[in-house]
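Below: a set of structures, written as C-alpha cells.
Two complexes follow with chain A in common, the first pairing it with chain B and the second with chain C.
And then the complex of A and B:
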C-alpha cells in the first residue's frame, strides 16, 4: 500500500518534470519525421521504417530510463525530502520498491506513447497501398492487410522487448544509485549498458579458441555478471521476417523472464544496501 | 510520570574522509524526557542535536547505545505512527502544491481519503496557508515552507513531536503563532522535543531543558529549578586559581576567564564572598543583583565545561 503511494507519487513527479517530457516530445517528433521519408519501393520502406522507429523508441527511452534511475533516490537524499518520508511509517524497502515501480510505470507509459506514435506512423505509411488495393476490389489487398497486421504484432513484440531492456537498465541505475553519486552512476550505468549490449561478443570471446587463456574467465565473468542487454535485439528478425527465425515467441518470452529475474535481483540488492544507508 | 523518550548511552561518530579523523558527534548520551512536557534540547552549533534527533527517527544508526520512544525501540515502524519530525530547514517536493504535499504525507499514514481532505484543510488553516494551498511549493517563501513543515508534523495527530529549529526563518508574528501552537500541543497532552537557539522562546515554553556540547549533556533539569532564585552576581579581577578554589566553596558555579572572576551567590552570601576575594588579592569590579536567564545558564554551562563552544575552528578560517 505504502509502496503504491510512493510509486504513484513518482509517476506524478515524472509527469511534471520538464526534462522527461522534453524527451517524450523529441521522441514523438523524431518518429513523426519518418512520415516525410521519401517513398522508396515498398519492402525497402518497411524495413527502414521499422529499424528507424524501434531505434528511436529505444534511443529516447534510454535517456528516460537512465535519468530516472540515477536521480530518483539520490535527489531525495540530497534535497533531504527523504527525512520527512522515512520518519513516517514507511519501511525502507517500501520506499525503494515504490521508487522502482514508479520508474517502471513511467517508463512504460513513455514507451507506450512513443510506440503508439510509431505504430500509427507505420500504419499510415505502409497501410495506404493495402487499403488502396482493397478499395479497388483487388484481392491481393487482403493479403497486404494480413501482412500488415502480422507486421504490427511483430513490432509490438519489438516494442515490448525494448521496454524489458530499458526496465533492466533502470534497475541497474537504481541499484547503483543507492550507494553512488549521480555522475559516477551515469557513466557506470551507461558503460554497463554498452557492454551488456555486446553480450554476443563477450560470449564468443569467452569460447573462442583465439582468446588468450587468462582472458577467458574475464570475458566469461563479464558475460555472466553484466546483464545481457543484447538479448533484446530481436530487431533483426523483425526487420527481415523472411529470414527464418525459429520460435521467436519462445525466444522473447525467455528474454523477458531473464530480464525480469535480473531486475528483481537488482531491486532486492538495492533494498539490502539501502536498509543500512544513513540519510 | 512515564518517560516519552529514553536515551541510553547513545553514541555516534562520523568519519571525515578528507582529514581521516573521526568526529564524535554524540558521545554516550543518556537522557529522559517525561511525557506531556515541552523539552528544550539546547546546545551550540555542532553540539550534536540534529544527529541525536536523526538517530531517534531511524534516519541514521547509532554506533552504540539505545533509545526508546513511548516504550518501543526508536526507529520502529509502530513508533513512527505516533511521532512526527520537523527537520531543520525542511525540504519538500517542489512540484506539489501545499495541499498535495500534506495529502501525500497523509496517505503515508494510511489516512482514508475523506478524512485526509478534512484534516489537510484544517491544518492549512491552522498554519495560515489556506489562501496559498494551491500554489506549488516551488513558489513558497522560506517561512511558508517552514509552516508546511509544521503542518506535516501534525498530520498524524502525533503523541511526540521532534521539532528541530521550528521558528527559524519566521517573521515575528508567525514566530508568536508557532510559540502558541507549541503551548497548545502541550495542553493537548503531547510531548514536544524542541531543539532551538531561541533561548527566550525556550524559556517561555519549556518545562525541562538539557544543554549539550560536543555530544555530551552538560546540564539537565526542570527549567524553574535551573532559573531558581534571585541571585547576586559578583565580578572581580586579579583573582588567582588558588583564590578561585576558595571562592568555589561559597559559589560552586564560579569560574575564571583569564583572571576575571564571575560568581553567583545567594544574596546573604555576598559579604562572605567579597571578603574571600579581597583577602586573596582580588579586586571587586561589580556586585549586581540578577534574575538568571536561560541565556546566562547556557553560556555559563558551556564555559564552565571548559571546552571551546564548537568545533567550527572559526579562528582558523578567519586567519587564512
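And then the complex of A and C:
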C-alpha cells in the first residue's frame, strides 16, 4: 500500500515536470510532422511513416526514461525530502520499488500518448479518401471509405516492445541513481543503452572463428549478462506486412519476459544497495 | 532488512540472472528472423549507425535511396552499388532496391561500344538471390531473377525455373501495401520462356493455364482497365504456338545454313569479325571472346569485387542478307577487357532457341532442321551452330 502511494506521488511529480512535458510535446510534433513526407511512391511513404513513427516514439522515450530515471531518487536526496519520507513508517525497499513503479506508470502513459498519436497519424494517412469525404461533410462516405488496417495491431505490438525496452532502460537509470550522481548516471545509463544495442557485435565476436579461444567465453558472458536492448529491435517485420511473421507474437512475449526479469534484477539490486546507503 | 530477507533477495538475483542468460541464448537465433541483415554478408548487424539506435533504419534507407537516384542521374554509377548494399542492409524488404541494383549491375557498366561488363552478372544474380531470401513470399524477386536470365543471360531454361516460382506467388499492391494477385504478365513470360527453351508442351499447357487465370483475374478486378486484353493475348499466343508446333514437327534435318565465321586483327585491341549464315534477316550470331577456360563465377553471397583480371566480351552480330560483320574496338576499355590471359577463345554461336519466330519456322524449335554440317554442335536435345577460334594474347594486343 505504501509502495502504491509513493508510485502515485511519483506519477504526479513527473507529470508536473516541465522537461518531461516538453519531450512529450516534441514527440507528438515529430509524429504528426511525418504526415508531410511527400517523396517516393505511396507504399514507400507508408513504410517511412511507420518507421519514423516508431522511431520517434522510441527516440523521445529514451530521453524521458533516462531523465526520469536519473533524477527520481537523487532529487529527493538533494532536496532532503528523503529524510521526511524515511522518517515515516516507510521501508527503504518500499521507497525504491514505489519510485520505480511510479516511473514505469509515467513512462507507460507517455508511450501510450505518443503511440496513440502515431497510430492516429497512420490511420489518417492510410484513409485519405475517407478524410476527404469528411472534409466535404459526407459522413456516410467517411464511414463507407474507412478501412481498419490489420497492420495497426502489429504496430501496437511494436509500441509495446518500445515500452519494454524503455522500461528496462529506466530500471538501469534508477539502479545507478541509487549510488551515482545525476551527471555520471546520465552518461553511464546512455553507455549501457548503446552497449546493450550493440550486443549483436559481442554475439558475433563470441562465435567468430577469428576470435581467440580464451576470449570467446568472455564475449559470450558479456553478451548474455549485459541488458540486451537489441532484443526489441523488431520493427522491420511490423513495418512490412508482406514479411513472414508467424512466430513474432511468441518472440515478443519471450522478449517481454526477458525484459521483465532483467528489470526485477535491477530493482532488487537497487533495493540491496539502497539498504546500505547512508542518507 | 533481516539477514533472511537479504539472503532471499540474493538467491532471487541468482535465479533471475540464470533466467535472463538462458533466455538471451534462446532469443539470439529467434531474433535473427525478425531483424534486417538476415542474409546479407555483413555479419555484425545494423547497429553501427547512430540512427539505428533509435529505430530509424527504414527512414535512413528510404532517404539514402532518394540520394542514390540522384547519383544515377548525375552519372555517378560507381557510387550506386555500395548504396544498394547499405539500403538493402538497412531494409531488406525494399524490393525495388534489389531490382534496380541488379539492373544496374547487369546493364549499366558498359564499354565504349555499349556492351555491358559481363563480369558483374554473378554479382547481379547473387543480389537477386539475396532479395529472394529476404522476400520469399511475393513474386517480385523471383520474376526479376527470371527476367535477368531471360533477357540478359539468354538462359531460358533457368529463367523458366524462376518464372515458375514467381507464378505461384502473390503481389503486394503498391498503393495499399495489401496482398493481391500477381500481374498477369508473369504467367505470359513463363510461357514465352518455355517456348524459347524448346519446351513446347509446357508452353502449350502454360498458355492454357494463362487463359483460365487471366479470365478469372479479369472477373475479380473488373474495375481495372486492360485485363481483357491479356485474355485475348493468351488466346492468340496459344493458337500461334499450336500452329507452330504442328508445322515445325514436319521439319526434317536437311537445312544447310552454310555457316562460316572469321576473325581479323586491325590494330591493337581492334579487330573485325564477319561471316556468312543462311538464316532469315533479324537473327543474331552471338560472339563471345573470353579467357581460354573461362567459367562464369558463382557468388554465394552478394559482393561486387569482381575478378579484375578476367576478360569476357559478348556481342550479338546482326544478320542481314546472310552476312554479319562488325568491327570491335576495345582500345579505350582496358579496365573491362584487361587481356591478362595468354590465350583466348572467340566463339561464334547461332542457337535456334534464341532466334526470332520466323527463323525458328525454318530451323525448328531446337534446331531440328539443321542438317549435319561443319560447326553443328549438339547440346542435349538442341542442335546449334558454333565455331571456335583460339587466339593468342599477341593476336589481340
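Keep in mind that, in the parts below, the second predicted complex is superposed on the first by the 254 of 279 C-alpha atoms of A that agree within 3 Å, B and C clash if a C-alpha of one lies under 4 Å from a C-alpha of the other, contacts with A are read in each partner's own complex, and residues count from 1 in each chain.
The definition used in the following text is that contacts are C-beta pairs under 8 Å (C-beta built on N, C-alpha and C of every residue); 3 or more make two chains touch, one makes a residue touch a chain.
The structure displayed is predicted, hence computed values, not measured ones.
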{"item": "Contacts of A:86 with chain B and chain C, given as first, second, both or neither", "value": "first"}
{"item": "Touched partner set for A:115, first chain B, second chain C, both or neither", "value": "neither"}
{"item": "Larger contact residue set on chain A - chain B or chain C", "value": "C"}
{"item": "Chain B versus chain C as contact partner of A:102, first or second or both or neither", "value": "neither"}
{"item": "Partner chain in contact with A:17 - chain B first, chain C second, else both or neither", "value": "first"}
{"item": "Residues of chain A contacting chain B in one complex and chain C in the other", "value": "none"}
{"item": "Sites on chain A touched by chain B in the complex", "value": "1-2, 5, 9, 12-13, 16-17, 79-91, 276, 278-279"}
{"item": "Parts of chain A lying in touch with chain C, wherever the complex brings them together", "value": "39-44, 46-48, 50-52, 54-55, 58-59, 62, 92-93, 126, 151, 162, 193-194, 197-198, 200-201, 203-204, 223-225, 228, 230-231, 233-237, 239-245, 247-248, 251, 254-255, 257-258, 261-262, 264-265, 268-269, 271-272, 275"}
{"item": "Parts of chain C lying in touch with chain A, wherever the complex brings them together", "value": "1, 6, 9-10, 12-13, 16-17, 19-21, 23-28, 30-31, 33-36, 43-45, 47, 51-59, 62, 65-66, 91-94, 135-138, 172, 174-179"}
{"item": "Chain A partner contacts - residues on chain B that touch it in the complex", "value": "54, 57-61, 77-78, 80-81, 83-85, 87, 90-93, 95, 104-105, 107-110, 149, 152, 156"}
